[in-house]
Amino acid sequence: MAIVLGPNRYGKAETRVVRVTRAADGTHALTDLNVSVALSGDLTDTHLTGDNAHVLPTDTQKNTVYAFAKQHGIASPEAFGLLLARHFTSSQETITGARVDLEEYPWNRLGPHSFSREGSLVRTASVEVSGSAETVFGGLTGLTLLNSTDSEFAGFIRDDYTTLAETSDRILATAVDARWRFPAVDADFDAVFAAARDALIDAFTGTYSYSLQQTLFAMGKAVLEACPDLSEVRLRLPNKHHFVVDCTPFGLDSAPEVFHADDRPYGLIEGTVVRDD
Amino acid sequence: MAIVLGPNRYGKAETRVVRVTRAADGTHALTDLNVSVALSGDLTDTHLTGDNAHVLPTDTQKNTVYAFAKQHGIASPEAFGLLLARHFTSSQETITGARVDLEEYPWNRLGPHSFSREGSLVRTASVEVSGSAETVFGGLTGLTLLNSTDSEFAGFIRDDYTTLAETSDRILATAVDARWRFPAVDADFDAVFAAARDALIDAFTGTYSYSLQQTLFAMGKAVLEACPDLSEVRLRLPNKHHFVVDCTPFGLDSAPEVFHADDRPYGLIEGTVVRDD
Amino acid sequence: MAIVLGPNRYGKAETRVVRVTRAADGTHALTDLNVSVALSGDLTDTHLTGDNAHVLPTDTQKNTVYAFAKQHGIASPEAFGLLLARHFTSSQETITGARVDLEEYPWNRLGPHSFSREGSLVRTASVEVSGSAETVFGGLTGLTLLNSTDSEFAGFIRDDYTTLAETSDRILATAVDARWRFPAVDADFDAVFAAARDALIDAFTGTYSYSLQQTLFAMGKAVLEACPDLSEVRLRLPNKHHFVVDCTPFGLDSAPEVFHADDRPYGLIEGTVVRDD
Amino acid sequence: MAIVLGPNRYGKAETRVVRVTRAADGTHALTDLNVSVALSGDLTDTHLTGDNAHVLPTDTQKNTVYAFAKQHGIASPEAFGLLLARHFTSSQETITGARVDLEEYPWNRLGPHSFSREGSLVRTASVEVSGSAETVFGGLTGLTLLNSTDSEFAGFIRDDYTTLAETSDRILATAVDARWRFPAVDADFDAVFAAARDALIDAFTGTYSYSLQQTLFAMGKAVLEACPDLSEVRLRLPNKHHFVVDCTPFGLDSAPEVFHADDRPYGLIEGTVVRDD
């Protein structure tokens, strides 16, 4: 019974590239990416014998990220990922698959060539090219939102291990991790990002919540309604617990005004919302 | 065209449970886990209307982790995960699937009831129960290994973006992330862990390496050879680059003795090694 | 020659308290703090014999943080720190000194009771009370700023270990860590914070820089000019290096448009700017 | 009333240098350091006008770290820090003070040129040279220790905010941060490190504890007794709380066997133990 190589891939992870574009009037634009490349193909030799004739070095992948940023600019994380993935799979006979994961760190303009890092929100993209099949995902992480009321949690199952009290007024807080699939690879990626982000925020803010699951579905639905180009959005919402501190032992009233923001454990609600074609 | 709920799950992530077992002679044993539970089933109502009648609260899941640690002890992360996953899927009609991910932080014994945290190595397990199907993975992360020689990298593809020089003597360093699948759920999980860990270390140390891919395959093969119970091991090996610092501008010789340990980017080599049944 | 106890203190670190204030019209306000308390005093017994009769438990300190947030609200981190420090030193005979360090995480209003976490900027305060002496510091960390031009670095010392080329056009990026001392403890802490933060941003943005030291002094000076109440500001500015990637090996021009954002090492410039009374 | 420059310093932080020494028989030795340099001196010009004629670039400081590692090897973090600090202050007229902070990451030998990263313990050193005054500190961080019994906490102050129950059996866990001052700069740094580390572990393990303060003093005393060369040790001990989970609501007994390992808040006990000359 032989021992053999199964699925495999390799690449350069977390190349941190910053692209500055200088307009004629002295105004600069800035794009700040973290790019991870993973390639697959005919790579048995390097695994079995260490013969690297089919291996495009990860150092070359890094150089390509820089060179493409220079030559082509960065139109959007999705478009830049597509450029790279198509290049790797089309230029090397031995490389038949490429996945490129990208994070974009947004900067806020302060002046013609001055910027500040905005928030904890990170825009994400993921591109896969395998032969003629091309898949593009957009998304975001780190969008931290909180409603200080209009959130209940009640009517749930009670078993032998349940001690949780029902509540009709709690803080609901999360850090949104969203990922949407583009049915077509020529979408207006930036417009979709802006519309999806706004829809997520508005739906979180505007939903009177009976469970984080309900809020999740409302957020996913809002994204699909705002973005007719999208057919699917996946959400991953940690329930960042804020526990009411009982101050009655200290002679104070019981109105829920002081909360302990806990680190761990946390709830984690994951769900996909899809257009039913 | 309707917007509908797709795949979804929810649970309590990162419950940090420490179980102490006190022997009659005053010797204590300690198990230190981080447990994440994700449940799935008939959960449409909570998403669409906020009706939580089918929802076992994540708080209850946390309580169950603690109660089971108390009542049953923690034989191994794999066995504890199985206990929990079987409980959630068998005790609630609305819950049909459970995934439990576990991290175990090893402690080194210093005395009858004294311990120190050992290294950065974390033992991992992942259990999925869905109806009668049960899947168990074991593994580890954070096993940081380094060979200061016996590593080459040459003979690779050169394209327009390649500037890397070939090398016949480099540092090879990684932090092993390994995950093995148990064909049977009644394996001796602890024995497999110990044998697999040792096999990984020995294979990394003992392989004269022409590529990290070659080392990866050697490590996976060693695990399968040492553990006849296993049919598959997946490895994820960052290439933690150590670049030779050129000290010749300072009037010093060029022997590769001083290295810059870089953070990012890093190579990332992923592969599965399987028994060919 | 005896072995004796020297300076010591103890307390509860990182109490994460969120205070919600509900206005009659349904509008909520939110204050999100991380509070660390350290007490000192007549504490020799607990160190030498384990007699805790002089020890106010750290758990009680945590409770006090919550109770005071409930009872008094949180006017500002500085004011809340003063309240706490005065309480600990005045209410316990054995506690003669208190230091309270506070971080405030700013939230952006999205609706009457909806908020998003703003940026990476954290407002800081540090209060020390020892007998009748009271010292208050305000400050901020995590204010990440970048100029993509108008920064030079040249004319520096060259010794046997210098390889750095002079540059007349580089990216200058930092994450500001600032701390200002209030000569009086009844200052308008919020107004000073807002004015100091704006002065830091404007001075960074508006300074044509020949060294990060020069920018540091300009920033400190701007704070003192904007805040006549302050007599001293201390700045700690990492130089977050962005290295131009040389794309000429790839047949591309040498205009500095693509940069590698490096993690480590980084420059670190620290300095105090003072009003010369 | 003028605004002027106060105390200031600058340098290169976190240079990650790995030094390999190759013995004639093929055995390698490995030293892995993180080095941060901060220089001070006659630096007013660069702050006020951007004239850098007195500035030794931080890039040169980094090169010097690498070059000295190559030329002199790394006898110990303390000795290497002294070499660097003396060099910077003696070779440049404008630089009169140097502080070098070092972290050493220990590696465990697996073979003649194979190593694994040991634990979370980091050896630390801090060297300051100012004119003819030389100060050297050794130390460690990240030594994580736990006693699962032989720890009580009772007899403490109770005030209006105290809810903590007394306990005669708790888990005591900490991550030791220790720093010792060498009265003479020609000490046997490695021998002191080994003896101090062992004394810290033995004293923590061997002390029946009535408070973490008492354990702290016992640990400091043990270091000074084991290391006659030292006159002072400063300890910083987080109290990493492990709370007993009450499993009686689940029909289980109340023996303290299951604990929740909490992240925040945590106690923080700091104290100095000195030889009374």
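Letters A, B, C and D mark the chains as written, and numbering starts fresh at 1 in each.
To be clear about the criterion, contacts are C-beta pairs under 8 Å (C-beta built on N, C-alpha and C of every residue); 3 or more make two chains touch, one makes a residue touch a chain.
Given the structure is predicted, the values throughout are model-derived calculations rather than measurements.
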Query raised in the report: Of all the other chains, whose mean CA position lies farthest from chain C?
Result: B
Report task. Note whether the interface between chain B and chain D is symmetric in residue numbering, meaning over half of all numbers used appear on both sides, and answer same or different. Result -> same
Query raised in the report: Approximately how many whole Å separate the CA-defined centres of chain B and chain C?
Result: 37
Query raised in the report: Approximately how many whole Å separate the CA-defined centres of chain A and chain C?
Result: 30
Query raised in the report: Hey, how far is the Cα centre of chain A from the one of chain B, in Å?
Result: 23
Report task. Provide the list of chain B residues touching at least two other chains, using ranges where the numbers run on. Result -> 15-16, 63, 67, 161, 163, 250, 263-264
**Report entry** chain A residues touching chain D - in the complex, by the definition given at the top
**Finding:** 160-161, 163, 249-251, 263-264
Report summary line: Note: in the complex, chain A contacts chain B through residues 1-16, 36, 38, 43, 46-60, 62-64, 67, 91-92, 94, 152-159, 161-164, 209-214, 216-217, 220-221, 224-225, 232, 234, 238-239, 264-277
Query raised in the report: In the complex formed with chain A, which residues of chain C make contact?
Result: 15-22, 28, 30, 32, 63, 66-67, 69-71, 107, 110-111, 113-120, 143-150, 171, 201, 204-206, 242, 245, 247, 250, 252, 255-263
